[in-house]
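Multiple structures are listed underneath, in structure tokens.
Below are two complexes that have chain A in common, paired first with chain B and then with chain C.
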Partner chain A sequence: MKKLLQTLRELWRDPMGRISLIGILLIILMAIFAPQLSHFKPDKMVGMPKASLSAQFWFGTDNYGRDIFSRIVYGARVSLQVGLIAVGIGATAGYVLGLIAGYFEGWVDRVIMCLMDILFAFPSILLAILISTVLGRGLVPTMVAIGIVNIPVFARTVRASVISAKGLEYVENARSVGVKTWPILIRHISPNVVAPFTVQATLALSSAILTEASMSFLGLGIQPPASSWGSMLNEARTFMEQAPWMAIFPALFIIITILLFNIMGDSLRDVLDPKLKL
Partner chain B sequence: MEHLLELRNLSIDLPRGKRQSPVKLVEGVDLTVRKKQNFGVVGESGCGKSITCSAIMGLLSYPLTVGAGSSIRFLKENGEELEITSLSPAELRKLRGKDISMIFQEPMTALDPMYTIEEQINETLRFHTSLSKPEMHEAALAMLKKVKIPRPEQILKDYPHHLSGGMLQRVMIAIALINNPRLLIADEPTTALDVTIQAQILDLMNELRESYDTSVIMITHDLGVIAETCEEVAVFYAGQVVEQASVEEIFRAAAHPYTAGLLKSVTSLGGEEKMLYTIQGAVPTAGNFGQGCRFADRCEYCESRCRESAPALTEISPGHLCRCWLHAPGKEAAQ
Partner chain C sequence: MKNYILRRILQVVPVLIGISILIFAVMKMIPGDVISGILGVEATPELRAQLAAKYGLDRPYLVQYLDWIGGVLHGDFGESIRTSAPILPEILSRFKVTAELTILAAFISWIIAIPLGVLAAVKRNTLADRFVRVFALLGVSVPNFALSILLILVLSLAFSYFPPLGYVGFLEDPLRNLQIMILPAAILGVTISGSVMRMTRSSVLEVLRQDFIKTVRAKGASERVAIFRHALRNALIPIITLIGMQIGSLLGGAVIVEQIFSLPGLGQMTLTGINQRDYPVVQGCVLFIAFIYVLVNLLTDLLYAYIDPRISYD
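Our next item is the complex of A and B:
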């Protein structure tokens, strides 16, 4: 906990880190206070279809006359939810698998990493589509699918750190006094994994949001009338010429969110890397 | 079994896949450590002394394995004999830190920077005893006093980076001895310390060994350390024991040319200035030993027989073993 605060403080000191922290905080607040922020229900027809930007409809309305601003605000909930839960699934599973593969080596390692390589071989969108075809459409299957896609990246990152930590003398020392395997993994090896793991998690967060948007754009993710930034883009596709605002604003929010998470991942890497410290 | 530890025909394999036979990194090692004995193991880097000791602890790291036909037998306090090579991981864990402990070379890196000294001492206690927290605190405190650490109360609360190398090595010794082990393996315990601290640590170890009745295996490449602490020495070269004798015997009448070379290359303070003696050549790589004596290429007494077949470890005088054709029985007869 103390370390978390310290990391955040150092992140704040970095200008890029500060920008990303503020931006992400705003998006989180937007998702939390969606009902207060939006003037309309996101799935109610409240105006003329394809109405242009106005004081009433800040980002215009879509082809059904729904307020785009409200839909974007509510869409932030979907994006963040998908991002966090999907990364949560991928990170947890990847962490456990990576820990086991890295520590035990031998055939356990070969079996796990072979499975990971198979998952890795598919382009992530393709694999997510494949999994969601099996699991069905909607929010939960999308999150699970994106989570599974994320497992191999985490497993690899964690495994590499575990292998390098395993050779440390204090780990060997712990083994030489008879400490059991799991306490060694949790108490002595895990702290060495935290830094690369955290960086990987922020980067995976942005890619999860992007994957959700892509899947919804393809019609596989979030199903109407619920709104997600990706599905809004999908609906906007056919009306690009008559109502460009239908596409521009969701796209803008996707770009900004992903950019913010990537920037945060970058500066987090600088903050957590002891080698870059003087 | 009357001795504390017996290694018989110990070999350590590095597998090379199914089709090739494994490389033997250590081969045919027979060692006997008696109760309360201080046993020295000398040899240069990579000669197999450290992995031999890892094998005794059951700590060989993947993919190394103990070869077929090897035996490591250990006598427990209650008279029970254990064959370490056939113990399960859980049984090995019970042994490590309780009956056999180890001290490492680098005290600076052998303690986890995340935890206080007390937590690290408690870790050893927790797995082998059922002491309550206050009792563990008392035990840790008493142990730190025994290794002569000043302000032990304060030190318990400190993190490893607060302490100096010498202090950390004392903490390591405290951790290793806190469960009163029967055997302590010290893997170059003084190499990373400066000379004055070295002497203090060696004195401390000698003192504690007497009060704890613990046998010590001292791994080192420093013959000075051996002279100061050990009773018996085994000299390792390229994965084999080439000579084994009591310390007096080794220093008085080293038989193997390699041991003689090691002794000649010791520097001494205040001696006359001279070029440091070096043994020519380099240690052959494991797996390319050839059929002859492994030291043949570097030996100044090398003869044709040395390249044709390997000598066996033979007793040249009571308690003095040597692996060299120069001292093989019936040498004249063979020629």
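Our next item is the complex of A and C:
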């Protein structure tokens, strides 16, 4: 907890880090208070179809007369939910597999890393699409599919850190005085993995949000009438000339959110791993 | 070196086998069987059995897998359930479009990214550096589909320009082909240029710190010679590894961009296969794309080892 606060404080000192923290906090608040912020239900027809921006409809309405502002606000929930849970799945599985592969080496390492190489051998969007053909479409299958896609990158990051930490003197000392394998892994090696793992998690969040938006844009992720920024942008394609606002707002929110997470990932890397700062 | 090449190739074999098993297993796990997809749920058991026998679906999974992969190794990817057309010729003809799109996009990304990356490194912590870093950050953050939609919107509203529809092959009409391909390729290129820019910047900075550059400068060489003849040549080596990684983003990006610009590439073929539940087509396309990805990565590794003599072959 103390370390987390210290990291946040250092992040706050960096101007870019501060921008990303404020921006992400605003998006989180938007998602939490979606019912209070939005004037209308996101899936209800509340005005004329394709109505332009007005005091009543801040971002206009879509082709079904639904309020775009409300859909954007609720869409933040979907993006963050998918991002957090997918990264949670990928990070947990990747952490365990990376820890085991890095510590035990030998055939265990070879088998795990071969499996990771197989998952890594697909462009991520294609693997997510492939998995979602089995799991189906909608919120939960999309989260699980993106979670699985994220496993190899975490496994590799953790494995590399474990291998370098294993050779450290104090780990060798712990082993020589008879400390068992799991306590060594959890108490002595895991702290070394935290920094690269946190940076990776932040960057994975942005890529998970991007993958969800891409899948929903292709009609393979979140299904209508649920509001996802990707599916909103897909629906907007047909009406771009008559109602450009249908495309502009979801596109802007996707870009801003991914940008903020990437800035945060960069700033975190500078704070947690100054060796990499150039 | 020979041993290294052989070992790298041997390392790829289990991955390729694993990929084929994974794709086959995924296709078998899809809810709802293929037969019902073709005949509908009302079909009589006799008809179902007849069709199952035709596609070999009544045999054990292992036999089905070995049959499929044996066919693949002999250049037979099976046939489409919808059109009964053989899959490989279609994949190959569509791959031409995807290959052109990705090569053009990669080329565009290098033209933008390498000079800007070098500029940022040489003018470190100046306004130019900051500009390049912001541009790179935008490059890695703006999704290709969002950029496509926004660009189409701006071009159509402000300049009354609409991306041309109807694909024409390069050999048929090169000019028309480039007119069609340039916008999607530029979008794909710009969205991956961010990572190349970052890699170039950090790679050049790394080399500029090394002793041999100090020696070159001490010998009185101009800054231009130090940077272009000595630093860039060495800095380009790690950038090569990025080509392999880029292929993943490019092939993945192509799936989306082809859909937006109605380009008849492999990505579009895969998505159509998924939407039409034509699983042999999906199976073939995904296998082909994954193989290409693995092979390009292998070639990149070998090229890297060939160029950089410091890499150990043990």
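As a convention for this text, the second predicted complex is superposed on the first by the 273 of 278 C-alpha atoms of A that agree within 3 Å, B and C clash if a C-alpha of one lies under 4 Å from a C-alpha of the other, contacts with A are read in each partner's own complex, and residues count from 1 in each chain.
The rule we apply is simple: a contact is a pair of C-beta atoms (placed from the backbone, for glycine too) under 8 Å apart; a residue touches a chain by one contact, two chains touch by 3 or more.
This one's a predicted model, so the numbers in the text were calculated from it and none came from an experiment.
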Examine A:Pro15 and indicate which partner it touches, taking first as chain B and second as chain C; both and neither are also allowed. neither
Touching A:Gly106 in the superposition: chain B (first), chain C (second), both, neither? first
By residue count, is chain A touched more by chain B or by chain C? C
Could you say whether A:His188 touches chain B, chain C, both of them, or neither, answering first, second, both or neither? first
Looking at A:Arg175, would you say it contacts chain B, chain C, both, or neither? Reply first, second, both or neither. first
Applying the touch criterion given at the start, work out whether A:Cys114 contacts chain B, chain C, both or neither, answering first, second, both or neither. second
Both chain B and chain C touch chain A; at which residues? none
Contact set on chain B toward chain A in their complex: 57, 59, 62-63, 89, 93-98, 101-102, 104-106, 109-115, 123-124, 127-128, 172, 175-176
Enumerate the contact residues on chain A facing chain B in the complex. 105-106, 168-181, 183, 187-188, 191
Listed in rising order, chain A residues that touch chain C in their complex are 114-115, 117-119, 121-126, 129-131, 133-134, 136, 206, 210, 213-214, 217-220, 230, 233, 236-237, 240-241, 244, 247-248, 251, 254-255, 258-259, 262-263, 266, 278
Note which residues of chain C are touching chain A in the complex, please. 14-15, 18-19, 22-23, 26, 29-31, 137-138, 140-143, 145-146, 149-150, 152-153, 156-157, 201-202, 205-206, 248-249, 251-253, 255-256, 259-260, 270-271, 274-275, 282, 286, 289-290, 293-294, 297
